[in-house]
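Below, chain A partners chain B and then partners chain C, in two separate complexes.
Up next is the complex of A and B:
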């Protein structure tokens, strides 16, 4: 029983990180109708930024140092994403196919640059010792990283909800997701909202990149980590419903649970190595056949 | 005078300087179809100018081109300033209010949020808006998508009244409304016309006669006639350009 509980918590933590990635994808799609294939690059850049800082801290820098890594990862993701929006996406407004293609190109370029600069081998992020430990409750042993991933997901979900509901930028984003032309026809420069949303999504992706490496990848970072995670984030967005933050949160948890539970019971015990991944794809097929617009519908927030 | 169309004479420049809106040679083709074919007219400051014509004549496209939502070629001057080439948001901030054909209220936002989104200055005119549309104050926390068609139209007009705009472009405010709501809408627009210059696209001839002082008639993407609204008393003109009988 304690094993099952630990697995469930691990699945929810993974789902929380999927949500971090998917929330940015979903916001960007909701406002701009762009499937952003460069999101994985933002994620990887965030992880590498955290890695570089961690190498300058003694023993990972303790709690304060780790919070610093998270801030740097988020900031790196945000800055690169915002700059990419201004330099690459903005000149292609009104040409959605070209916008999607350029995000694919950007991702390839970033991965190539990282391979060139850092090599193909994964590198180790220096993190505080307590982060690699576990919390014991009776016979239950839960990795501390799971709590961190879970807390980050909850904080981002709540923060995003408050931001969208109670700020003018949030209001513009919600309105823009419904009718961009009309937002402009009210005298609002919607391109600023586009850049902001890209930056916001990039911040969440950068955060997710670092957290995924720390919690689920033995603190190892590689140049293609973002692309691997992006596939599951896209699945989360599609299952949750394109453009829906709430849907992404629910779908993130469901996908994380299905992946971890099936990997443990079908993969580890039966030797079916890719059981978790295949189960997620089966889940995607099931949801799309039963609810083609996803769990929370096309544009519902 | 408003609604002066066609070729521009020697006095055109001085006329344009006084005009709330002057469009010249506005042209637009979409997928090989000529939607606007050299539309030119001026709208003097004050009062209501009706922009009318058959379905597909180019009325809505003209309004959308004035605010830059359609990328037509030609000149658009607002209060004497050339705004063609400006992005939509900048034209709106310059002093245009736009009420689209299908209201386009943000259905997932509340009435209050729809109005907040439209705020652009430091002193939004909620007093004026709620005086003209008291029902909106009562429904401020209601999702706009749950309002009736008439209430959504009120909200769409209220959004442009919230800020002091010199020029209002209102596209078919009576479209899809029951006769009772059309009456309420006309009463509201009678109050609105004292606040700004209004260009009104409208299919309902009775509404046009009641609200407008001048008219511009479009036909197949061109200005076919411009003059005072009394010209609509000419049944031959109405039949020829609008394809309807005004009756008695």
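Up next is the complex of A and C:
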């Protein structure tokens, strides 16, 4: 029983990280109709930025140092994403297919660059000792990393909700997602919102990239890690319903749970080593057959 | 919604196309029939040259990516055969993406089915060659119909994501090595005992080269017939405006599925030829998302919806990839500054940069570039077709 609870918590923590990635994708899609393949690169860049800083800290720098890593990861993701939007996406406004293609190209370039500079081997992020430990509650033993992942997911969900609902910029983004042309016609500079949303998505991605490496990958980070994670984030976005933040949150947790639980019970059998990943795709096929517009998408987009 | 869920097909230079056809019409040389006859003659000439190429032993030191820079060396014939294989797979992808406007990420899955099913049937089950090929094609067909029908339930970007998920599931499945069929990450080396001897070994590289060329020619013919047929017209109409197609009273769904299945079958056949050529199946080489992205880069470099553009793009891509690998091994390469060396040692980086530049500045790809140059030449010679 206690094993099951620990697995469920681990699944929810993974779901929280999926949500971090998916929320950025969903925001960008909702406002700009772009499927951002470069999101995987933003994830990896965040993780590498955290890695580089962690190597300069003694013993991961304690709690403060770890928070520093998270801030740097988010900042790196945000800056790269915002610059990419201005330099690559902006010249292609009104050409959605080309915008998608250019994010694919950007991902190729960034991964190629990381491979060239850091090599294909994974590298170890130096994190505080307590992060790799576990908390014991009765017979339960829960990795501390799970709590960190969960906390980050909840904070971003709440923060994003407040931002979208209660700020002027959030209002522009929500309105733009509903009817971009109308917002533009009212004299609001939507392109500023585009860059901002890209930066915001990039920040969430950078954070998620580092957290995934620390919590679920034994503090290891490699050049293609983000792309592997991105595929599950795509699945989360589709299952949740394109453009819906709440849908992404629900779907993130469902996908995280399905993946971790099936991996635990089936993954140990021979020839089933990636049972968790495959169950997620089966889940996707099921959701699409029963409800093509996703969990939260009531209407066909 | 401010824009339709299906992405508009903007990558194709419709304006340039329109201008070119008007230009051709005006200069008097070109009813569509004559144009396709001229195109057909050009294709046949290139085909004849490529058939004869293994007999031409020209020495080209700086141009060729093979270790021995002779045109008909074994290494060079292998590179060219690989160009033909990916040319055919890119051609199949052009049917889907270029003609029908379906941005699928699953093309690689069917290529991998072609490679792996043939390999498993030959190597693990010791089936006869022909039976293995038929099984591979049948598996690809069933998978394409089934997964195509599921993923086509959603449109536009969701479709892209779903196909990516399925392709990725295939990749994981191969890595999992179920029932010890695929050998997982190590790859499955093809047993040659049941192959016709003319297709085995380095000594028969020339025959394999011709086989790959023949397959490309066959794929080209099939795609040509399909895209010029009434069905092909409907595909293009769906690409331009799916809603309008259904308003006219046609169901887009079966047409889209047909396009999906045709593209997938061309890829599966390419996979079989690839296996014969390379002799081994490895998940990272034949089933990874990186290969998908390479395929997209090929059709975008060459130009979407033009058939020959996709083939040309695949050629340029594979050629450059091989060339960059060779370049990184040159002794002079070690003298470059570290930053440049790090970046250039990964063909992926340079190819990515080229891809981005093409998306930004050459939206019609190489095919569109050719058309634009023709228009400029025409204008300079006094024509006013563009006005």
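Operating definition for what follows: the second predicted complex is superposed on the first by the 294 of 301 C-alpha atoms of A that agree within 3 Å, B and C clash if a C-alpha of one lies under 4 Å from a C-alpha of the other, contacts with A are read in each partner's own complex, and residues count from 1 in each chain.
By definition in this document, a residue touches a chain if its C-beta (ideal position, glycine included) is under 8 Å from a C-beta of that chain, and two chains touch if they have at least 3 such contacts.
Keep in mind that what you see is a predicted model, and the values were worked out from it rather than measured.
Output check: A:190 vs chain B and chain C. Expected answer is one of first, second, both, neither. What do you get?
So A:190 only meets chain B here.
Looking at A:171 after the superposition, I want to know if it touches chain B, chain C, both of them or none. Which is it: first, second, both, neither?
So A:171 only meets chain B here.
What is the contact status of A:181 with respect to chain B (first) and chain C (second): first, second, both, or neither?
After superposition on chain A, A:181 lies in contact with both partners, chain B and chain C.
Is A:284 touching anything from chain B or chain C once the two structures are fitted on A? First, second, both or neither.
After superposing on A, A:284 lies in contact with chain C but is clear of chain B.
Can you pull the chain A residues that chain B and chain C both touch?
Shared contact residues on chain A (touching chain B in one complex, chain C in the other): 179, 181-182, 300-301.
Under the stated contact criterion, what part of chain B meets chain A in this complex?
67, 69, 87-90, 92-93, 98, 100, 104, 106-109, 113, 116-118, 120, 159, 163
For chain C, which residues count as touching chain A in their complex?
Answer in residue numbers: 1-3, 5, 7-11, 103, 150-151, 153-154, 157-158, 160-162, 164-166, 168-169, 172-173, 175-180, 289, 293, 296-297, 300, 341-353, 355-356, 359-360, 363.
How about chain A: which of its residues touch chain B in the complex?
Per the touch definition, chain A meets chain B at residues 168, 171-172, 174-175, 178-179, 181-190, 299-301.
For the complex, which residues does chain A have touching chain C?
So the residues of chain A in touch with chain C come to 29, 33, 35, 88, 91-92, 94-98, 100-102, 104-109, 111-113, 115-117, 179-182, 227, 231, 234-235, 237-238, 242, 271-275, 277-278, 280-281, 284-285, 288-289, 292-294, 300-301.
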